[in-house]
Structure formats: C-alpha cells, structure tokens
C-alpha cells in the first residue's frame, strides 16, 4: 500500500505563499497539497490554473479551509500581520504548522504562538528560517560541530537585497518591523544556530542611514544598517543589511573561531559560468532571495513533511523564532533611539527601554 | 480534472538507472513512474522498498514490462550493451524513449536506433546528455546565441573523474568503448551544441597514458587522454579526460570566440562554503558526476516529460548522439593507432581506417 | 650629470624600520640611503652587514645623525613612543619626514607634529599609511572617483592578523594604544580616503572580546573588536580587527555605493597557485602584513622621494593621520567604556568623555 | 668598502629591451647598468633621457659597446634574429649573457650559442624564460618537488595574448618562428622544468586555425593553435596558444599528478579589486604579458646578477633553451604539415621530416 502522505493546506498564495504551495505540490514527494486559501482574487485566478487541476481545493476563507477533512498540516505564507493568528487557529484544529518567518513583528505576539505550541507538544510547529535548510549552511554547521574552527567567536552576516526602485520597500516598511526584524532576523537565527540557542546578549549597538529610499524616513526605517550584538559568553555577532545592492542578492556569512574560519557565499554567483570580455571576467549574481535559496525552501518542505510523518524533531525549536525577532527588535530600537542597550547575565535588560 | 501525466517505465535500476527512476517518481510532477524493470535481484530488493509502495509495478523481464497497459514512455538506464535493443523494442511498442548515454559504443548500432526513430517521428527519442539540461551550460549557450563572444572558435572541455582505486574502472573498460567514447562523449556533445550540429571534422589527433590503473592496458584503454578535433569551418575542440583526480569530479568547459570567452565550472565546488585554516582557504569539490549534475538530471526528466506530453521538440536531435559517439570512436582510434585521422569537406574519411 | 637623489636617513631598524631602510637603499632609484640610526646593538650588527658596505653611515644617536651633512629627509621606523619627537626634531633640521604610522597613540602628541609641519609648508611630512600606495586600493579609489559606484555610502574594512601564540601581542598591547588605534587605524584612513577627508563623525559604537590572548585584559585590550562609525553625511563605516586568524593576514575592504560596490582582497592569496587534493582546492594566504603590502611600501618610498625632489603634493594631508588616530581612540574608548559616543555636526563631542 | 656590482650593458632598447635596461638600472641593486646599445634613433632618444643621466654610456654599434672597459655582462633584448650572434660575440669578450628568449627561431643557430657557452663554463649564459622567476611558478615547482601531487603526469599550459587589431602580429609572424616557437615555448620550458629536463618526446600532434588575423596565412602561421606532446616516460603536455583574447593576457598552467594537481593563474587578475554592478561581479585582467610577469623579470635580473657575482648555478641549463625551441619547432611543423611526428626512445625522430 502506498505510504501515507502529509495532507497539507497552503494559506496565502502571494510572493512566498505560492512558492510554498508549489513546492508542497510538486517537490515534496511525501506531502500532498490538498487545499489552498487566499483572500486575493488574483491569487485565486492563479490557483485555479496551477493548483485546482491537481486536486487542490481552493478557499477564500481561512477558517473554512481548516475544516477540510483529513488535513494534517498548514503552511502559512500570508501577510506577516496574520501569521500568528492563523498559526494558533491551525494548532487549535490539531494541525502541524510551517509558518513563513517571522511569526510576528511583535515579540509578544510571537510568544503567544509559542505558548500555544507548548500546549500541544505532539504538533510540529516551525517558523521557516530557510537558511537552516541550505546545503552550504548545513555543511558549515557540520564543520563547526566537528570542531574544525575551534570555538566560534565572531559571526559576520549580511542580508543584502538588490535595489528595487519601484517604491515597494517603502510601502513594505510600514509593517515590516524594520530592516533588522525583516532582514537581519535570518542572520540572527544563524547566530543562534552557530553560537548555540542559549547565548545571552550582553549589549547591542546599531546605526543606519537612508541612501536611496528617502520615503523610509516616515516609517523610521533605513535602507542600510549595521548592528553589533555582544554576548555574555564572549562572542560577538555583527550584521549588515541593505536594500541597495546594484548587483543582486548578496547574503554572506562568516564564522570565525579560535582555530579557523568558515565563510558561506562570500562570492555570490547565479551559476558556474564566467564571461570574459574587454571589461574583464564577470560572474552574475542572483537577483533575488529565492534565486539564492530556492533549494533550501524545497528541502524545508521535505524536512517538515518528514518530521510530521515520522514524528522526528524539527531542526530548530520554535522558541528560537521568538528570540531572533526579539534581538532584531532590540537592534531596531538601538538604531532608532541611537543608544546602546545592555543586559545582565540572565538576559534581563538593564535600564529602561528607550522607546 | 487532473492533467494527464506521462506514464513512464524505468529499465535498469543500477547506478544511473535508480536515479532516473527516483527522479521520475519524485521530482517530475508531470510524469508518473508506473513500472520498473531490472534483471538484478539486489536491485529488485531495493525497488520493493523504494518503488513498489508508490504504485510502481516491478518486472524481471523487459519485454513483459513493455506490455503493461497505459505506458507512454521508457527511461533506459541499463547496461550500455542493451541500450539500443531496448530502445528499439520500446519504439516498436510505440513508446517514447529516454535512453542513458551512449546508445551504444558501436556507431553502427547507434545508427539502428536512429533509423528506427526516423520511422516514428511522432515519438520522442532522446539520448540523455545531461549537460544539455544544466543551468550553467544553458546559460552559456544563451550567451553564445546572443553573440556575446562573437563566433565560437575554440572549445576546451574536460571530463575528469575522481580516482577510484577499487579497480572498478579497469573492469568497466572491457566494454566502455574507451575513455573518449565513455567520458569525452559529453564534451563532444557540447561541441556539437556550441559549434552547431552540422560541423564537419577535418582532422583528429589523440594521445593517452596509463598513470594509475595499469590493468587498463589489457583493454587498450588509458586513464588520461588528450585529443584534438579540427573542423572544416575553422573551429578546434580539444578534450582532456582522466580518471585520476585526487580532489573529485572536475568537468570544465571553455568556449573562446572571436570577441569573448565563456567558462563553465572552472572552479569546481560542492557548495558555497570556504574553510580557512593554517593550510589556507579551501573549497571542497563534488566527488562524483552526479554531485555536479544532479539538478540537470532532474531537469532532463521534467523536460522529457513535457516534450512527450506537449509534443514539443527535444533539445537535441537523436542523430547527434550518433555523431558524438562517432567522433569519440575516432579519437579512441587515433589514440590506439597513434595516427592522425583526416576527412574531406563532406566528412568522408581520407585514407583507410587504421584498425 | 646624474640627477640629484634624495639623501635620506633611516631611524630605527626593527621590524618595519629595516624594511624602510632596505627599500630606500635598493628599491627607490631616486633616493639614496646615506645614514641609519638605531639604539639597538643587534640592529647595528645587522646594519653593519647590510647597510654600511653600501655607504650608509651608522649612528647610535638620533640627534647626531640629523647633523650629517647633505641630508634631505628622514624615514622614521622606531618605536611609536618616539615617532613624534623624532619627526619634530627632523623638521626643525629642515628635513622632509616619512614617519611610520601612527605619529603617536596620543591625539595631542599627533597634533604637535602637525603644528610643527604647518610652520614649514615647504617640507614634505607624511605618516605612512601604506594602503594608500597599494595598487588595488589605488584602483578602487580611481573607480570611485569615476563614479562607478555612485555615492560611496557604506564601508566595511577589516585588519586581521594571523594568531601569534608567542605572547608578543600581549606585551605590545601595553603601549599600542589598543586594537582600534593600532590596527583599525588603517581602515579608518581608507575611510577618510574613500569618503573624503572632511567627513564628520556623528556617533561611534564598539564591542570587543578576548578569545585567545587572556593576558590582554591587563592592558584593557582585546583580540577581536568590531566598531561602527556613523558620519553626518549619512555614511557608515564599520570595522573588524582581530589577532586570531588561523590562516594568515586577511585585510579586506568593501565600499558600497548607491550604484555599485567594490571589494579589495575579499579572497586573500599569497600567489596565483591553487592546490588540489583530497581535501579540495586550496589557496594559501600571506602570513603577515608585509606579505600583503610589500609592494605598497616600495611604492611609498618612491612616491615620497618623488614628492620631495619635485615638490609635488603628497597623497594625503598630515592632518589625516591625526584624524585617523582620533577616530581610533574614540572607538577604543567606546569599546572600553561600553558606551556609544555622539558628536554634533561640527564634530564637537556631545556629553563628557567617558574615560 | 662597497661590494662590487655587476657592470652590465643592455643591447636593444625596444619593447622588452628597455624594460631589461630599466630593471638593471633601478631594480637590481647588485647590478649597475653602465652601457646601452641600440641601432634605432628613437630608442636612442629615449635612452638619452632615461639612461644617460644615470651614467649609462650609449652606443649605436654593438661591437663598440662590448669594448667598454670593466664590463661584466650583457643583457640582450634586441630583435630575435641577432640574439645568437650578439650572445656569441659577448661570450667571446668573456662576458656573462642574459639573452631574451628565444636564442633563435632556428634550432641550429641555438645550438651554436650553446656550443660557445660550453667552451666557457665560467660564464653565466642564460636564456630568459621569465616564468622560471615568477613567484607562483616557483611555489608550484616547490610543491611538486615536495611530492604534493605525486608523480607529475599531465601538463596543460596556455599562452594567450589579448587580441591586437593593429596588424602587428601579422608582420611579426614573418620572422617569429610561428606561434608554437614564439608563444608556447614558455609552456614547453615549464614542461621541462616540471617534468624534468631529461624527458624525451615520443609523439607530437598539432592543429591550428586563423580566426581573426587572415594575414597570417601568408606566413603559414595561425592565431589559435593546440598541440600535444607525449613523452616516453608516460607524461603528456598539451598547449594552447592564441592571439585572440578579448579580455587580456591569460597564461594558465595546470600540472596533474598521480596524487594531486596544481594550477597557476587559473583566474587571471590585474589586482585584488572586484567591481559589483548590474552586470555582476567583475575582475579585470592584465592587458599584456608584462602586466602578468613584471616582477618575474625583476627577479630574473636580480638572480642573474647574483649568479654572476657569486658564481652560483643558474636556475636552468642553457641546453633547455634549445630543447624548448626544438619542441616548439616540431609542434609548428606538425601544425603546418598536418602530420603527427614520432620519436624513438632515444629521442631520434622516426620517418623523415615533413618539411
């Protein structure tokens, strides 16, 4: 008899949502996409062409979708503002949840999701930090575990998007939580992975500027920012995020240990071609995040399906997702208030919040 | 109603065969693997675990499998010696055929397959030159088509395997057709692609040596060989093939045109990690062919399924597969006989064959 | 008649001093090394073998050396603590001065040198920031000037030394001024070069840790530090300095502009060799600063000689050397006091100094 | 007392000649350029400005120059056609000789130089194969000597010039000896170095084409050529030379051994800068041979001076220079006659010469 497949529903069919839907439909053999929800009529049109013919039932109401018989799980790729609510509802229907990052731009809201998840330990609840499923990052992690670089001490990580002159990012900044929460959260998650989930921040600094998107000022956001997080164990992570790259997506990480160093994607490339011309030798760069991490998202879908079906551990505890957003929020606060933030060894904040 | 899927059977479940089977099972959404054949009991054991539960009927007899109702296509990944016969039988049953390269190590036998295919132009018959489906090679081809390097004039291409001390390659040499037919055939196929299918060889030279596998001598084969093919249009291709790499698979191609140059995989890498130690900065290399070309095989499966279902052209004519083996055989002859081979402008060989 | 050569004396024959002496002796055709001073008997021994036979008069007293007839200039490569005094004395003797960086670890002392220099505008007085003479940095600067990256906005620069387990750096920390003054001063100088000498700091943050040299604690120094300088014009520079590299010297700079980016030495290398082994593909890295910048020091010697002989401008105003040390000192203060430092638009510091 | 310097005269002040002269004048501290000869009035004009003021006596007659008192050595950078004669004359005047490559395009003439040199073993006579003095090649050689790649078996080496549309190379082809003698001779010399001077060719093949310089046909030369030399010891070297590069000079060498591989300059670069733009990430390439090998020429001058002054061995026997030209000539013959050439184990040619 054919092995059971994970019956999964997709919520949201926008930029990331439709990719999750397609990955579960076509590239996760142990899962079966059986339902999809979107409040958007254009997305429905797309779904009628690309999902419905393959046996996917479409919904305009999230709650209705959750009632579909036989559902095991939901992948949430809607707007960030409804992630948490939808995740909680799904858990309440006894469904596993894979939620696009972040759970929320609000740390408190994130915590509600975690609390709900703690009540239902038999459910797999994961916030999708795609880099955890990337071959290169997994290889780097393996080398660190093997002790190849000694004790990891310094982490430099950047998330840099290609400049988008359309104004999209200005609008997006209204609710994104700011660049450190929206972009650096990936780098912070890597920090938790490579330094260990238990690390405790000691102090945080951040600086930023607006270079190409003046409209960001109205949302107290910036298009380039640099932040430092010092931890009590003596580690330091520093981050750069930018939406100003001329050449494409450039997400780079370096981990420096007491006995060696690792870099990931120091030399970004779209493929293995080099072009030689009168200008020199040129390598092209992926234009977007998905161009760099497509296969990581596919692996995420497969690993999530496997964890649900086999009841095996997820690669990261859901608490991490809160911690990453928390640190991102502190960086954003340090940026906006122009003040350094300090913590005691238990992680308790010293002084009052500046906001 | 769900769109029709290509009902495909897999012949051969060995090294490449089982990969083709899994790709059609799991990673080609428009295809459905419905049958599999292997004469080998170990392969059957594997298939009972990995294929049968997913609705794949298993066969120990190729002819029996071809009788299965509803079949549209066969992917052939058996031993080279039976490729042609199985391909012809499948066509005679009105099935599309994707055959692992080469069709045969004998040019005459290759031609029989092509003749059978010509009789049935409604069938899609493809010899699987995986590099045609590789992102990087496709990007390079696109740039050439756009004229980025002017007129392509010189092609350097190498297929270099990691040294395998097990003796496997010595045994394999008994029936592989020799290194130029077995390995360089990929590079020759790239030549036909990049220079144009119609190019006519003018002269051929080849030299080789045995450096690490003395047993190859009994099969008149070598473990390192270099060959040159000069074409009547003024182009030159030169090839290096080796089974002696210490570091892993290294398949590199350069195309030099009158106004620029392209390279593919000049700096092989298994992923985007660099390791920094007292020895310097190190990048790891894939150990095997599949490590370099896995996604090309997946694309091949998908593109083949699409061509069959939509009746669209395949990326290469089946005649090319013969031409590539023919040029490979001439290189092998030049190697063994230590003589240059010459051709007139129509491609007719000058002088007698030396063998 | 043979063109006049710059008659130059070398003060200090230690690590950098003897290199300056040899460069002026052998690799600066328009200069002639005619005198050398060292208070150290071992250095004298070396000089008797390597300098004296070539007509260089040796001194154990700096003041005596300055009296040598015909002297045009002095290159100062003694201990930092005497740089300023020696530079001032040389100027008072009407000699051009090339002084190894920094003029002093004290900003006030630096300023005395600058004041002396201002009194004698006919003298060439330069603090040797070697990277200004490096081919790659000069090429990067040229591209910025041509507008290739739009408006330079973000600068990332790191100075990372190979780990030296001998304890040298602990001892050295007693008087080095701290890592930001000793190491990052180069990166700060690049910032002044690439962003413009007139940029005014707005705020400064820094964090550091001790990972491999516990003895540094007694000197309030660290072996890894990260700092950020935000400028009033909207630019941000961030620095990493470390003495913990396993692989060698790694001095990297990136300049990100509104329309493009430049990197310098992102992939350090000792030469153009790659080694392929079972571990992968490896490039070696220079072990020391001089391994990376040797030719820049040679060019520095030549350009300094030319500026003196032809009375042409030096590539950087001496004031910059003070500004770089000043910013380095603020970073060090921010590191030690764990507080962000702020400035008004005129560059005046806000709040009291924390030290 | 100042150590004696090598008193050297420069013959020829053209493209390479004036570089040799300047290197001995300015960048070889143990040598003193005291005389220079050129038959060309423009070169004299240049010399009156750049050499004469530094005490260099100028000559319009080579023989006159040789009579200058105190001369120790001559560096010959005239036209190839007079290299041999001038070298022999210098030896007859008891002078050391550094001769630009090749000694001659005629093997017989080369041999006359060698015979003269053998009569005077106290003289240092060197043909300037600059790559022998290049840091990267020296490092590669050291690694081979240490056994890092096992037994060197396959050598791939290319000398590729930037396309020069001026027609210079067509004119030059009249007397250059052909591309294999003019360009690949460097790669052949590397072969002798890395495989050992005693290797004996077994068979030689070559193919070429004219892609961008139709005028070459009149001189039986080509602008792209590929050749293979198989040696009796089981090694194979293969060469590519071209004058068609769009991007600049690209001289690459790979040495593949039974246990590893080395590459030199696989990724050509003019410096350490990378430029990031909408096109991707670009590295520039040196436009000319001297851009790649300038420092090797400087080291050559210094090492030659040292060998003369200290009577230490030169890095390569003068016989090698003949052997390299001989192999280059055979490749050129194989190219022009379209026939493979064979040799017995003693190196004696089998069959008649085809020309």
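A, B, C and D label the chains in the order they appear, each numbered from 1.
One rule holds for everything that comes next: contacts are C-beta pairs under 8 Å (C-beta built on N, C-alpha and C of every residue); 3 or more make two chains touch, one makes a residue touch a chain.
Just so we're on the same page, UniProt names per chain: A, B, C, D = NAD(P)-binding protein.
It should be emphasised that the depicted structure is a prediction, and the values quoted were computed from it without experimental measurement.
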| item | value |
| --- | --- |
| Pair of chains joined by more contacts [C-beta pairs], B-C or B-D | B-D |
| Most widely separated chain from subunit D (NAD(P)-binding protein), with each centre as the mean of CA atoms | A |
| Distance between chain centroids, defined by C-alpha means - subunit B (NAD(P)-binding protein), subunit D (NAD(P)-binding protein) (Å) | 41 |
| Centre-of-Cα separation between subunit C (NAD(P)-binding protein) and subunit B (NAD(P)-binding protein), whole angstrom | 57 |
| Contacts with 2+ other chains: residues of subunit D (NAD(P)-binding protein) | 149, 245-247, 259-261, 266-267, 270, 275-277 |
| Of subunit C (NAD(P)-binding protein), residues touching subunit A (NAD(P)-binding protein) in the complex | 149-151, 153-154, 156, 203, 205-212, 224, 226, 228, 230, 234-236, 238, 240, 242, 244-247, 256, 258-261, 266-267, 338-340, 342 |
| Residue ranges of subunit C (NAD(P)-binding protein) in contact with subunit D (NAD(P)-binding protein) within the complex | 1-3, 25-27, 29, 53-55, 135-136, 139-140, 143, 148-149, 259-267, 270-278 |
| Residue ranges of subunit A (NAD(P)-binding protein) in contact with subunit D (NAD(P)-binding protein) within the complex | 245-248, 250, 267-268, 270, 275-285 |
